[in-house]
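Pasting the structures here.
Each of the next two complexes has chain A plus one other chain: chain B in the first, chain C in the second.
Here is the complex of A and B:
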């Protein structure tokens, strides 16, 4: 299935901003996080799919857009 | 020697020094300014008349070696909201006031002579009133240069520009930071109050100061170490904020569908990436600015930055998400360098960069400029507002009055103050804070974005109503308390997620003053502050109907999540049940 993966802040370093990826059915958000070794950089802060916060156990669907942010903040 | 109250009367250019009344002893920062304003200012007074007062007060820990304790509060009745206002700032004033033993500087009255502007020069046990005709008509950097030429470089400087002299609602009070740039008591038009009192600038001399006394230095040192470690180890205050500044929020709010776009018509902006924190950090790296910069001595977070243009020439510092959002997604400027140029200009002019920029976005609906026309925006801000042309006066009166002048319905304000950067319909906890805070729409009053969007202090679904009132209440109580300590509000990220942080902060207060406050005491202080402010507002004529968001948010759905503002009045009013 096709999933649009978007990375932000420190997660972009040495990786990418946005890429269309191909994953097998049943792939979870956590599996994507692990494959990209994101948490070696910084703990996961915000995980959204199609603009909604979801748990890392979320199973991706065809056409989903997943956005991954390390722990960041402001105000 | 105990700290003292310095009281200045502009009506007869006199001052006196008073002992601190017992019931003000345990207060600092916002707790003290709001208590004094509530006790001494008639809530029905005209904010620019003789009966309003300006109260400056450093936080309880300001002037100590505690990390991030350099915030100074300024309180008064606000000409923008008609209610009580506290606005706090970094810079050097909090530390210098504390070291001089000034618990609060209260400025009352209006001069008889309507022509002369004054500099107030505060030294140990003395306040001088110096007429400054040569500074009239100058903006902040020119005033700062004049004061730097006159005094030791360490002198604290608080000033207004031309727009403050003209008493416009968007005028702020600007404060020198340790690097010689400017920080602002930004919101609520407090620069207009300073202009009404004919004060061009206030200088606080650092020559006579001494280190603040700490009752139990050992205990203080120990608690301070734990506190600093908590800030440094927290991924947000230790890594995220220093690397990307607050502007990292552009992409997060955009993803969440909570980035107000084109005057709150949509929750996403197709050009968000161009103005994002990631783009800003890349530019800084390529052009030789600084991604880290502290607004006050002792800051270990360093969320500020120095942002240069393509030639490496300084454009601005303290380049914040809310300003970038307002000039970007809200007004439509896609060029981050032009946004930076306008931000630097607003520092020099001494205007609230949020109120001014929210008004500029609304000016698109008024037909004054086109969406995305940064050149026109620059011209209006650099020429029309500071020279006081009729259109400049209307814009300078702020978002709410601009809306009234042009017969607009979609006016993003609460209590007359422009709503910043977080769409209330899509970040509902923040919407509750905007509706209820006594300050008017103010994101720092109770930053529910932390828990709605950033997963700090847990997670509460931003699109649902459940839990939002309680969240906003708890955060507003905690923020009122933190605003009294002199701490930067960003210590809250560590406080929300690290159990060691808050006890260490309270231990520092206890060690400083030799008291035995508990977490409950500090939370009770926050509650008392909020209730004091709320009561002032009610007496000033701000009722339940003012604790509401703009009506259009109740009937216009916001894409992409197609949400409306669906809280009833009763549900919002339950905020005050504590």
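Here is the complex of A and C:
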């Protein structure tokens, strides 16, 4: 299935901003996070699919758009 | 008091009350600077210091800001600049809370940090500087770290609460407390070139995983701190004046941001 992956802030460094990706049926958001090794950069802050907050266990569907933001906590 | 008002009307120049007239009024009527400015604003006389606000903020709105109380939790990067901006725009009462003291590594970004203030409590330094900028302002400094249990009463005293903390867990707790107390709440956070904002929202969806934020890796540069503090300040002012505020968290791809969307 096709999923549009959007990365933000520090997650983009050495990766990409937006890419159309091909994943197997049943792929979860957490599996995408693991494949991209995002947690090596920073813990996950925000996870949205099609503009809505979802849990990392969310199973992606054909045509979904996933957005991943690192955790930002400085004050 | 009627005589004071007559004096203020006569002492105004082109409709604005200059500082020198306020000081004269204090002496003549034995009252505080704050009482003079309050009397003026209440009767539609604008202190000259707000002249350049006036095309954006009317004199009636200026009086509303004067009567408002904003609680700022954290007096570091975000808190120091939010506090100064709210002071200059004319918010009348600020409560600033932080148990930390200025250190050398704060000098790159934190307002009012300088070689002279290193080692001093941030909340107390802020109070001194803010009241120097505007003597009509009332600042309460709480020089202890925010404690969600014992500081709950502070939240009730405020019209708007500003999250200028640097700890994601505490940020989430504060947001939840404000939500329960039905208090307006303005969140901001930064890391490197990036910042995020949310108004009157719970923060768990913005802090999904445990652990240090990206700022530990990307740092806290001054321009991002000031930018984020500006967004937070305009959110506070809009909340106080009943203007439309952010409806959804603002994050990512931030090239331009209209400071108000009508």
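Structure notes:
In this section, the second predicted complex is superposed on the first by the 72 of 75 C-alpha atoms of A that agree within 3 Å, B and C clash if a C-alpha of one lies under 4 Å from a C-alpha of the other, contacts with A are read in each partner's own complex, and residues count from 1 in each chain.
Following the convention adopted for this analysis, a residue touches a chain if its C-beta (ideal position, glycine included) is under 8 Å from a C-beta of that chain, and two chains touch if they have at least 3 such contacts.
Values in this document were obtained by computation on a predicted structure and should not be read as measured data.
Once the two complexes are overlaid on the shared chain, A:53 sits against chain B and chain C alike.
Residue contacts after overlaying the shared chain place A:31 against neither chain B nor chain C. In the superposition on chain A, A:8 makes contact with both chain B and chain C.
When the shared chain is aligned, chain B and chain C each come close enough to touch A:74. Look at A:45: by the touch rule set out above, it reaches both chain B and chain C. Where the contact sets of chain A with chain B and with chain C meet, they give residues 8-10, 42-43, 45-46, 53, 67, 69-75. Taken together, the chain C residues at the contact with chain A in this complex read 74, 76-79, 163-168, 171, 188-196, 205-215, 217-218, 220, 225, 249, 251-253. Contact residues on chain A toward chain B in their complex (touch as defined above): 6, 8-10, 12, 17, 42-43, 45-46, 48, 51-53, 67, 69-75. Against chain C, in their complex, chain A makes its touches with residues 8-10, 39, 41-47, 53, 56, 67, 69-75. Chain contact summary for the complex, chain B toward chain A: residues 235-237, 239-241, 243-249, 251-252, 255-257, 268, 273, 277-278, 303, 320-321, 443-444, 447, 449-450, 453-456, 459, 461-463, 489-490, 493, 560-561.
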